[in-house]
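Below: the structure, in structure tokens.
Letters A, B, C, D, E and F mark the chains as written, and numbering starts fresh at 1 in each.
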Amino acid sequence: MTSQSGEEDDESRSPDGDRLARGRARLAEITGRSGAEVMAALGEVAPDFARYIFEFGYGDIYSRPGLDLRTRMLATVAGLVALGHARRELEVHIGSALNVGASREEVVEVIMQMALYAGFPAALDALLVAKEVFAARDAAPAPEDAGRSDGT
Amino acid sequence: MTSQSGEEDDESRSPDGDRLARGRARLAEITGRSGAEVMAALGEVAPDFARYIFEFGYGDIYSRPGLDLRTRMLATVAGLVALGHARRELEVHIGSALNVGASREEVVEVIMQMALYAGFPAALDALLVAKEVFAARDAAPAPEDAGRSDGT
Amino acid sequence: MTSQSGEEDDESRSPDGDRLARGRARLAEITGRSGAEVMAALGEVAPDFARYIFEFGYGDIYSRPGLDLRTRMLATVAGLVALGHARRELEVHIGSALNVGASREEVVEVIMQMALYAGFPAALDALLVAKEVFAARDAAPAPEDAGRSDGT
Amino acid sequence: MTSQSGEEDDESRSPDGDRLARGRARLAEITGRSGAEVMAALGEVAPDFARYIFEFGYGDIYSRPGLDLRTRMLATVAGLVALGHARRELEVHIGSALNVGASREEVVEVIMQMALYAGFPAALDALLVAKEVFAARDAAPAPEDAGRSDGT
Amino acid sequence: MTSQSGEEDDESRSPDGDRLARGRARLAEITGRSGAEVMAALGEVAPDFARYIFEFGYGDIYSRPGLDLRTRMLATVAGLVALGHARRELEVHIGSALNVGASREEVVEVIMQMALYAGFPAALDALLVAKEVFAARDAAPAPEDAGRSDGT
Amino acid sequence: MTSQSGEEDDESRSPDGDRLARGRARLAEITGRSGAEVMAALGEVAPDFARYIFEFGYGDIYSRPGLDLRTRMLATVAGLVALGHARRELEVHIGSALNVGASREEVVEVIMQMALYAGFPAALDALLVAKEVFAARDAAPAPEDAGRSDGT
């Protein structure tokens, strides 16, 4: 599983152009969304912010070796539940966790566990987001769910 | 690795006495601290709170199957970094993550990743806590570190 | 008023089955909602989470003696305002506070007071939630409001 | 620049009636909303809270000399982004910042910068709020935008 | 008990001088600290901030009728636990709650209950603060504890 | 004042090596600390995190045109006060704000204003940090304070 994240290692100090391209590819791989969608959402308000998401978020952080992507995304779900207010990102990254190999059960376990640290309201709200994400996938399965629809 | 968390499954609706005993054992396994230490810290102020930590925290949540303990503790570290204020718990559970099989590198990766979601100050403060935990372990290695002192 | 919370005292270490039944009854008494509603909201995503809400939340914590229910629910409103993001729970527990004997004026006082500790936006948002809860009760009075509709 | 905030200085310990009038005027100047709108939103739930917003928020704090209003409102935007949950206030005060002389670019810069301190989700959510505020102004320009529509 | 908070009612729109004097008296009554101590802590950095604490915090909010002081201070403890980071204020207001008639047991109940809403770390940290406050009072009893040392 | 932040504009998409060098220079200019100090604090725990602080924090964000540095640092102070838990960063950036031209009075105004949005405890704690920073500067004036010691 670490092979997923290890391959970019020797590029990790590459020039900006590479970070941008690597980040856009990584974002698509993890979230199932294209960089174009992110840029469209931000519109003309802050195009550089989209670039930072690609370059720093996905080109730097999510391209690091040292931790497999499945654990990374489950940790991200945990962090977003603890924040409490990041509903939009939570929805995206519950999907990301599923995209990179976590099961629905694992996502639910991580969220429930956060009740201990961030309280029941944060966990309950996140479980209702997970319920929506799961229902949307059942209604329109993502391609990457195809091979494991019985296992998640 | 999932064998660590799967064994209590058929006890999961057991009576309270079992939850308490199971929780105390689980707490010791994960944190390397005894229930007596937790109770001593709380003193006579709130003995029932210690009981809830054992019963609900460790007897219920951390005894659930469905997610391996290493991932659980890395998710907990992520959540505690995102909270921002839980320094004491963060110190304990960085240790817990190491106790249940996470490497130092993995702990550091999870913390750094939280800079994306909770900001650089939360991540930086947590890295300094990790530095202290690692240094304390180097000075007085926990028994469970013995076999992997070179690898973490 | 303390008689409401004192009667379960000698059951407080009872087996799990009792915690579950006691918690469901307590939840209904406080929130005016049935356990079935809570379970339906969570659906098949996390049925155990509903069980923890019943057992730990209402069977353990809200069944404790030592503090009357009216003060407990006003403290809960205060805590939820301070969290800032728990709109759903705030709406439920503004209702709970009214259900267990707090007046509308007391709920409003607690929320306004939180402006000091959590800032004006958190308090203002919570006052607008209270306004909605009060309006819904005026439109469809809960049975327990019957005897005090003029006084709250 | 300090002339904007300096003129009330010698009234700063004036009686309550003056604080109220000064606060209502200041609120209108900054937010472009009338005190009547604030009171209408709160309705009969908490009229005193509206008074505190006028008296303490605008009559005391926002009437202080020592910092120009443009910087004050950009700092407020920064604080609201960092809070994470204050969407309603953020929308109002992105508008306030524009009303008192900040440019759209400056608002966007402050929000983007908060990604460093409060994380990308808080900043991203705030940028989408800014996008909405800017679009609403383009659709129905505020009078005070008239003279600088090309510069912001 | 409501007589404690009801007496200032008809002064509630009094001039600033009265708010200041009333606030300083109220602060002393509730916290057991003098306004001079608060001002000394702030030193020359922000004397007006001390004035706002007196005038708005204690002269306005804590002088309102409509909720008894004991419930107010227990709600404040709840809110401060939920905030997570307000250790200094929490220490002061655990003392305030005791000063205005809450028992130690009630303070502990409110804190434990917050584990449900803000998580176990926030509640555990707060219990350890309570333990310190109680120990300091045992070592040097406040005068107001004299008459009820057996009852709290 | 905008000349401070405008000069790097045409380098803003430069290769990584430039981002790193630019970021280290910018960090030193703003915080008065060297990159070596930051790296030393992190030690061997997370050297890449220091690199991200330089590259993304200072090389990207704090090298952007569009907002003068004085306003940027006052906005950062506001955001850190609102976070509540970032004491270490707050101390550094109160100093940064002074370094780039903000007066002590302006720093205090921004902090006091945050009482409205994040509550009095967050603002009070931050004022006490400011008091310490100011006292340390009085004891050992930074070179850049030399020319304006009477004015801040």
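In this text, contacts are C-beta pairs under 8 Å (C-beta built on N, C-alpha and C of every residue); 3 or more make two chains touch, one makes a residue touch a chain.
Worth saying up front: this structure is predicted, and the values here are computed from it rather than measured.
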If a chain touches subunit A and subunit B alike, it appears here: C, D, E, F
Farthest chain relative to subunit F (centres taken as mean CA coordinates): C
Same-residue or different-residue interface between subunit A and subunit D, half as cut-off: different
Selected pair, greater C-beta contact count between D-E and C-E: C-E
Centroid comparison with subunit D (C-alpha atoms), farthest chain: B
Subunit A-subunit C separation of Cα centroids, rounded to whole Å: 34
Distance from the mean Cα position of subunit E to that of subunit A, given in whole angstrom: 43
Whole-Å gap between the CA centroids of subunit B and subunit F: 34
Subunit D, residues touching no fewer than two other chains: 48, 52, 56-57, 64, 80, 83-86, 89, 108, 112, 115-121
Chain-level touch network, classified as line, ring, star, complete or other: complete
For the subunit A and subunit C complex, residues of the former touching the latter: 84-85, 108, 111-112, 115, 119-125, 127-128, 130-131, 134
Residue ranges of subunit A in contact with subunit E within the complex: 115-121
Residue ranges of subunit F in contact with subunit B within the complex: 41-43, 45-46, 48-49, 52-53, 57, 80, 83-86, 88-89
List of subunit D residues in touch with subunit E within their complex: 13-16, 19, 48, 52, 56, 60, 64
Of all residues in subunit D, those that touch subunit F in their complex: 56-57, 61-62, 64, 66-67, 71-72, 74-83, 86, 89, 105-106, 108-110, 112-118
